[in-house]
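There's a structure below that I have some questions on.
Lettered A, B, C, D, E and F in written order, each chain numbered from 1.
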Amino acid sequence: MKKVEAVIRSSKFEQVKQALHEIEVNFFIYYPVHGVGNTDSETSVWRGVTYAAESIRRTKLEILLQDQNVEKVIQAICDNARTGDVGDGKVLVENVEYLIRVRTGEASHEGL
Amino acid sequence: MEEKIAQIAVTTFTVNNLWMMVSTFLVFIMHLGFATLESGFTQSKNTVNVLFKNVMVVAIGLLTYTLVGFGLMYPGTDFAGQVFAFGGFGLSLPANGITDAYNPGYTYWTDFLFQAMFAATAATIISGAVAERVKLEAFLIFSVIYVAICYPITGYWKWGGGWLNTMTTPFYDFAGSTLVHSVGGWGALAGIILLGPRIGKYVNGKAHPIPGHSMPLAVIGTFLLWLGWFGFNGGSVLSANPGSVSLVLVTTSLAASAGAAGAFFTSFFISKKHDLGMALNGILGGLVAITAGADQMGVTDAILVGLIGGVLVVLAVIFFDKLQLDDPVGALSVHLVNGVWGTLAVGLFGAKAGSAQIVSQLIGISAIGAFSFAFAFILFFVLKATMGIRVSEKEELEGLDKYEHGMSAYEFGELSA
Amino acid sequence: MEEKIAQIAVTTFTVNNLWMMVSTFLVFIMHLGFATLESGFTQSKNTVNVLFKNVMVVAIGLLTYTLVGFGLMYPGTDFAGQVFAFGGFGLSLPANGITDAYNPGYTYWTDFLFQAMFAATAATIISGAVAERVKLEAFLIFSVIYVAICYPITGYWKWGGGWLNTMTTPFYDFAGSTLVHSVGGWGALAGIILLGPRIGKYVNGKAHPIPGHSMPLAVIGTFLLWLGWFGFNGGSVLSANPGSVSLVLVTTSLAASAGAAGAFFTSFFISKKHDLGMALNGILGGLVAITAGADQMGVTDAILVGLIGGVLVVLAVIFFDKLQLDDPVGALSVHLVNGVWGTLAVGLFGAKAGSAQIVSQLIGISAIGAFSFAFAFILFFVLKATMGIRVSEKEELEGLDKYEHGMSAYEFGELSA
Amino acid sequence: MEEKIAQIAVTTFTVNNLWMMVSTFLVFIMHLGFATLESGFTQSKNTVNVLFKNVMVVAIGLLTYTLVGFGLMYPGTDFAGQVFAFGGFGLSLPANGITDAYNPGYTYWTDFLFQAMFAATAATIISGAVAERVKLEAFLIFSVIYVAICYPITGYWKWGGGWLNTMTTPFYDFAGSTLVHSVGGWGALAGIILLGPRIGKYVNGKAHPIPGHSMPLAVIGTFLLWLGWFGFNGGSVLSANPGSVSLVLVTTSLAASAGAAGAFFTSFFISKKHDLGMALNGILGGLVAITAGADQMGVTDAILVGLIGGVLVVLAVIFFDKLQLDDPVGALSVHLVNGVWGTLAVGLFGAKAGSAQIVSQLIGISAIGAFSFAFAFILFFVLKATMGIRVSEKEELEGLDKYEHGMSAYEFGELSA
Amino acid sequence: MKKVEAVIRSSKFEQVKQALHEIEVNFFIYYPVHGVGNTDSETSVWRGVTYAAESIRRTKLEILLQDQNVEKVIQAICDNARTGDVGDGKVLVENVEYLIRVRTGEASHEGL
Amino acid sequence: MKKVEAVIRSSKFEQVKQALHEIEVNFFIYYPVHGVGNTDSETSVWRGVTYAAESIRRTKLEILLQDQNVEKVIQAICDNARTGDVGDGKVLVENVEYLIRVRTGEASHEGL
């Protein structure tokens, strides 16, 4: 089983969520993170001083998937999170040894 | 002895003027009420923008009203019964402007400041309705013109001594259900229509809620508005007359309370939850509704007018969502619907009730509604055609704070990081 | 000339009434103070619930007091010296209700509104103490009955001219250390006992702190309460008498300041930290303590009464935690303990000090305490036996906002996501 | 009849005193304004600390002023024209202290309380400037001494009847651009110099912004300060004189509005963004600037004074950053720069304009500036040498709340977890 | 060495923490996340419109463990985070290559 | 490719960020977490009750790296996040199967 982690623009989150639901990916978690990196230059101002924001707000998604679904999920995320400007984010794939469903205690190596 | 007796008139004038100054402070604090209410009911990514509009509208509104508005709205007694009149630019202290020869209730300066605080309210009402998508500059230009020209003209029709005031059965609007709140509400309606809903608000014809980001701010706003209303209505007596002012305070409070109760029960009936946002809007609906007849109602009248106002707010919010008119803070339901309801209620309840009055109320509601809606619509339309009135999709999605202001309303990073 | 002289009385009446209206506004704003203080001192998962209670208590309190309370508390001069009396339902303007023949200090309407704002306070005090676990409907029903019946009855004993006022040495409670604050405090105690502590508050007999979620809200609340107290105490002079009112404002401010100082030093001594929550409670403790004798104290008296009040608050918070009485916002320490202390202080400090007065104060404290505690206990008990007064464990753990209100107080997702 | 006529004087006195009490409340609420503004403009890890300072400064300030300050500042008419005088410790009601024989405008108690609320302001101004790095105890000791000694001495020079008031062309400072705001500002400057900037504020000579954590708090603060200024300036008329007070309210409001406009345009010109923080500071700058001459300016004068004030604020913020004087909330730009500007403006605009007045204004600005800067510098220096005035690096980085107070200002864990 | 990640109901967090302390697991991190998935239906209301909350608040824990301790930790989490209703959450196990203690710089492949 | 996760004191974050930029690590994400563990004893006070804070605020960083860069990044983090007191935190290394850049859709097993 795999864990797909995606760091995307927060403003694209709703669209990505819809796209995931359309391909029947209904379970995942997400949370806000700060991204440091190449981004569309955003100038911030505080009390007369203009400065480059050193980090930007991004949303991170974590999705647990059976191996065969990884491909299409990545596709869905990339297609929907893309604006074409620098700063669209990254998706990565990690291996998960196994997974337990708290409610039942059942464990699985392929995903639930 | 003679001198001492002369002092009586001065002291009486001083008391009245003191009350009007206190009322002015209370109306002033309504602007903080609007700022907190509107920012509480909208998303945190647009909070700086909402606050900025509310701050600048007060400042610009006061300056504009100084320059043009006051002269248009109160051109002086030489211009009674007309449709349009202008008393001149700027402020100039008339002879006797600081004695009771000007007015037994207040000095020229107090008069101006009280009226100026009112004027800025109309623009602030609109700011909530168009929030989260309107272009800042376009909105500020709109506000300047609306406060400088539209609000004073319709205001003059009644309070300035214009034609609505000189009809056989004069139109009655004690403190501005129509002259202030509906005028704001009609402007809001025009803005909402021309702007369209926020992205994601209506998906396949279904309303998709976009919850506000801070209920404490919304509650602070509502209480401050209620407080301010004591000056808004109480000050509209235009003197410290103990009986009249204290009656107005009681009808105002009871209508607000009944509005809360009306919205509480209606919304619980509909959604089976205790909807705080609706309770707050119910209070405001009750307040707007009582405004037109606060000095004409008895205790029971006031409670009924407020109660119906509270029920109407809830139904109106749902109704406007059906029409896909996206009003983030409920400005239409509170100020427009209850502005109309409250004005009409003067013909149905209380001391002035009667069919002649109903007709006059309908004339006033329609005339002012038509004028101010048309004015606002044309103004927004011209702005839309020229500079544009809506931010880009990208800006709307990522938040207006980031692009228009280059800052966030909150920085909790340091705290929880 | 005659007419001008008659104007003197009218103007004097107008000034007095103006002051009482201003005081009414100040007492009104205390409700926003309570709303912000209580929500700041509780967890963010229950914030909507806390705010909702505070908003509805004002609205319902005003309506209830209109219908029943005012008639029970101020039945009129025909009912002097009794234990129970009722002047009739609703409000009806007496002859001369808007002249100084009614009262040299205010109109009937002002009288009602000032008193009604007071009444809602007692219920609001309780709302903080039972927060984070009480069922909303049960609390609202409790509040209605408490404000409609219990508060007016004990209020009548003293302010309405009942038996406590006609004793040889009359019980003295200037602005309500006992009549308002203790009455709220006793109700809070009954509620706390019957509800039990919040889950997780006491583990193996040890108090486990549950910090409040927003210190800025708590500070806003405390300052607004202090501001409101100027009207609460200052208005209790019942006229604008320059000497009396200004003395009351000074004693009130100095007691508040001394309360802050008392709590500051005591809590630093105990915990070696500068405890903001305690400083805020110290201010409130000082304010409650001075309330009973604000017009009878000198400068030094006021400072001492407040200082002791501030010390007492800190000790009482710790004491109640030892007893496992879970009071999220410190309502017992502030309103009950200092309500008792302040009432007693009238017999110990200032112009009325003396043993006869001490006895009278003790009689008043005990009689009103016994009646209101019993009333509240029975009422909560009946509610507990019938509809239940506590939310389910699940609801308490996940937050009352989610289940009772279907919303969160804050939505920062958009911001930081 | 005689009696009725005597009542005229009493009633007049009552009205004046009532106005002064209302002004006192308004000045009181400025302290909540400062608390919210300063906490909004600083980081959330230091919020409890900022709030704590603001709360305790009011409490301690009132007590201190009771004990020493009032006697130093208003020693009585026997001490006219001097540099230093002392009327005695504590408060003692003079004969006729509660009639118009004391003063036609207010009682002794009102006098004291109004002045005491002013006094605490000067210390509060400093608290913002030294925020996020000053040791709490050191700051509180500083405040006590500053409010007890420095502020009253320079206050006495003018308002207490000292030498600045008895010059041929007396120095003019209506409500305290210099006597209150600059005195606070000079103290702030001394503190900033001796403390040094916050860690990370200036890296390689470049200012690195440290954004404040809550714009809603900052907006609440600004509106409350504007509200409070109605009492600060309006109350400085020292009676309810209708013409004078209402003129002052108008000039105050217009200067605030023009200040917002000035800062709005200047900051947009510089950064191409709509800088909310600057707009808020612009309002405050306009308010401070008009304070010295609020009763001497016409409508256009007031707008110009405020407009220039708003422009100055923006330029000053940038200027102080160039000098690496780290002022988290802009206290120097608002209170010091505009305090000086406003005082000078009395010689340039309005009824008193003229070269003799300019000279007197410069004398007053310099004398008071020199004295209060020196006083503050020496006091901070002694504190630095003895107990230390700055927290440890670790404490500053992790936040003062954690170490000095053992708590966080916000606990949202429960909410979003 | 393993990393156990658990996504549980926030209201169960205190109980899980106690249980972990009881089996001597004293070090871990946690943070709030939004969960999208099968949950006990929660209806939200905003201004008269009732809607299904599209995400729910969950707490995520991350615990680094020596391989032999994984079993009992999962057991403790499941036992204590369970309510039996849909939405109790998931626990997953990942492999960690190695771990460094910042204070000392010492590295380990088994856990510290 | 590797993912380095570090849990450090929030007050050391700025310094670590500078250090990472100096060794040309310009892309990463970070977010606040609560740490439970051995920490410098912090006493909190709430309404007169003194208690040990049960968790402390930490910042978590996630950095994706080519295998050869892991070493020096860990070094940089440890050197700059260290205070020497208990509670300085942990750094761990996980394996990432592959990474996709959203903007372009290009995938990589070594890092981008």
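Here is the rule we use: a contact is a pair of C-beta atoms (placed from the backbone, for glycine too) under 8 Å apart; a residue touches a chain by one contact, two chains touch by 3 or more.
These numbers come from a predicted model, not from an experiment.
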item: Chain E reached from chain C - shortest hop count over touching chains; value: 1
item: Between chain B and chain C, the fewest steps along chains that touch one another; value: 1
item: Inter-centroid spacing, chain E versus chain A (mean Cα positions, whole Å); value: 19
item: Distance between chain centroids, defined by C-alpha means - chain B, chain D (Å); value: 32
item: Chain centre separation (chain A, chain D; CA means) in Å; value: 50
item: Chain F: positions in contact with at least two other chains; value: 10, 30-32, 34, 43-46, 50, 83, 94-95
item: Where chain B touches two or more other chains, by residue; value: 5, 8, 11, 15, 18, 22, 211-212, 214, 220, 271, 273, 275, 277, 405-410, 412-416
item: Residue ranges of chain D touching chain F (in the complex, touch as defined); value: 200, 394, 397-398, 402, 405-407, 413
item: Touch list for chain E against partner chain A, complex; value: 2, 6-8, 31-38, 54-55, 58, 60, 74, 77-78, 81-95
item: Chain D residues touching chain A - in the complex, by the definition given at the top; value: 207-212, 267, 270-271, 273, 275, 277-278, 281, 314, 317-318, 321, 330
item: Chain B residues within the chain C interface of the complex; value: 5, 8-9, 11-12, 15-16, 18-19, 22, 26, 43-45, 211-216, 219-220, 222-224, 226-227, 230, 234, 240-243, 245-247, 249-250, 253-254, 256-261, 264, 271, 273-277, 279-280, 283, 299, 303, 399, 408-410, 412-413
item: Chain C to chain B touching residues, read off their complex; value: 1, 4-5, 7-8, 10-11, 13-15, 17-18, 21-22, 24-25, 28-29, 31-32, 35-36, 39, 47-48, 51-52, 54-56, 58-60, 62-63, 66, 90-91, 97-99, 106-110, 112-113, 116, 136, 214, 217, 220, 404-412, 414-416
